[in-house]
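All chains are identified by letter, namely A, B, C, D, E and F, in their written order; residue positions are counted from 1 within each chain.
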Amino acid sequence: MELSARNQLPASVKDVRMGEVMAQVVLELAGGGELVAAITRDSAERLGLQPGKRVLAVVKATEVMVALP
Amino acid sequence: MELSARNQLPASVKDVRMGEVMAQVVLELAGGGELVAAITRDSAERLGLQPGKRVLAVVKATEVMVALP
Amino acid sequence: MELSARNQLPASVKDVRMGEVMAQVVLELAGGGELVAAITRDSAERLGLQPGKRVLAVVKATEVMVALP
Amino acid sequence: MELSARNQLPASVKDVRMGEVMAQVVLELAGGGELVAAITRDSAERLGLQPGKRVLAVVKATEVMVALP
Amino acid sequence: MELSARNQLPASVKDVRMGEVMAQVVLELAGGGELVAAITRDSAERLGLQPGKRVLAVVKATEVMVALP
Amino acid sequence: MELSARNQLPASVKDVRMGEVMAQVVLELAGGGELVAAITRDSAERLGLQPGKRVLAVVKATEVMVALP
């Protein structure tokens, strides 16, 4: 599958916390730094996410904000 | 300002393309890799975004997806 | 690529309108009905979107609202 | 109420799972196929969502991605 | 139509700027303050948005961030 | 930090409900009216959100919809 969302950053799963409906997935970016994803628990289970697993963090361009430090 | 969105990645502006309403900002992440942001043209102008400027890429956790490569 | 966003609806491109930064893509769902996507022009070009092309409409679960008619 | 979000697909509720804060609502589209929505539990309760209920799935155009299969 | 998005703030249109694909709509909240919406140009035209028109600003709860000033 | 998201409304926290992964934060806008935010529980804890706390509600322009009442 080739996706319109161009923002695809290589990462590995650092931590997964499961709620009843949502799951919080902490990702360690290959380039350094962390990214937190809140996805449905069903999706986290279907993808078999667990610490160490290599994944991509995907973000639609319209969801990225820019800030001055 | 301290923001609930924890995802804040250091980056520098690589390219800005202005449309009538929206602007596309290509960011070069400090850790490597690119991220594209689609924000309003007004915001891009207000922040004075131009190539080389150091910024943060900010993303709300609920907007991050995870994919298996 | 296997994506956490489970919402993937088969569709065909009905119309593409290019702006300077964004593109509007009208999709005809295989099951009937239309869906409009606003993606970056760069993504629309990279995917080679044009009328008749078979695609998937992809939506993250946290972006879907529910309404009573 | 007439909404700027043009993407409104007729559906019926197939399943609702309640968490403490969020609810996962599985929708069966009238045209075929499923769509999963993650909305607040409060909203799911306020709308009285339960299996069989006829609803609309609503998505803002900027939230729809396009993928090549 | 009753919508799962509970966030519906009374406002009036202050300004509309049309691009090829997107429109920027500046809203003046009844309670004071401004809110900027980026919606498709088609939606802005279909709703007949123009200065002075009374509308609702609608936001899904998962899209609202919180910041400390 | 100066953010591209121009939509920043002064508010005070009215209620916080914690789930395992997500938190629902009810905000009372300074100008009147309520806004509900669904953010990660981690962010709600990190910001020390509790009733009475003065905050900003922040929303990206691409996430704001417009409706006719």
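In this text, contacts are C-beta pairs under 8 Å (C-beta built on N, C-alpha and C of every residue); 3 or more make two chains touch, one makes a residue touch a chain.
The structure displayed is predicted, hence computed values, not measured ones.
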- Can you name the chains that touch chain B as well as chain C? A, E
- Starting at chain A, figure out the least number of steps needed to reach chain D through touching chains. 1
- Compare the contact pairs of E-F with those of each option in A-B, A-D or B-C, and report the one where over half match by residue number. A-B
- Interface composition of copies chain A and chain B: same or different, split at half: same
- From the C-alpha centre of chain C to that of chain F, how far is it in Å? 29
- Query: Using CA atom averages as chain centres, what separation in Å is found between chain B and chain E?
  - Reply: 22
- Message: Distance between chain A and chain C based on Cα centroids, please, to the nearest Å.
- Response: 21
- Would you please write down the residue numbers of chain C that are in contact with two or more other chains? 1-6, 19-22, 24, 36-40, 42-44, 47, 56, 58, 60-63, 65-69
- Query: Which word fits how the chains touch one another: line, ring, star, complete or other?
  - Reply: other
- Message: Following the definition at the start, I'd like every touching pair of chains, please.
- Response: A-B, A-C, A-D, A-F, B-C, B-E, B-F, C-D, C-E, D-E, D-F, E-F
- Query: For chain F, which residues are in contact with chain A within the complex?
  - Reply: 1-5, 19-22, 40-42, 60, 62
- Item | Contact footprint of chain E on chain C as seen in their complex | 17-24, 36, 38, 62-63, 65-69
- Item | Complex interface listing, chain C residues touching chain D | 5-10, 13, 24-25, 27, 29-39, 43-44, 47, 49, 54-69
- Item | Complex contact set, residues of chain C against chain A | 1-6, 37-40, 42-44, 46-47, 56, 58, 60-62
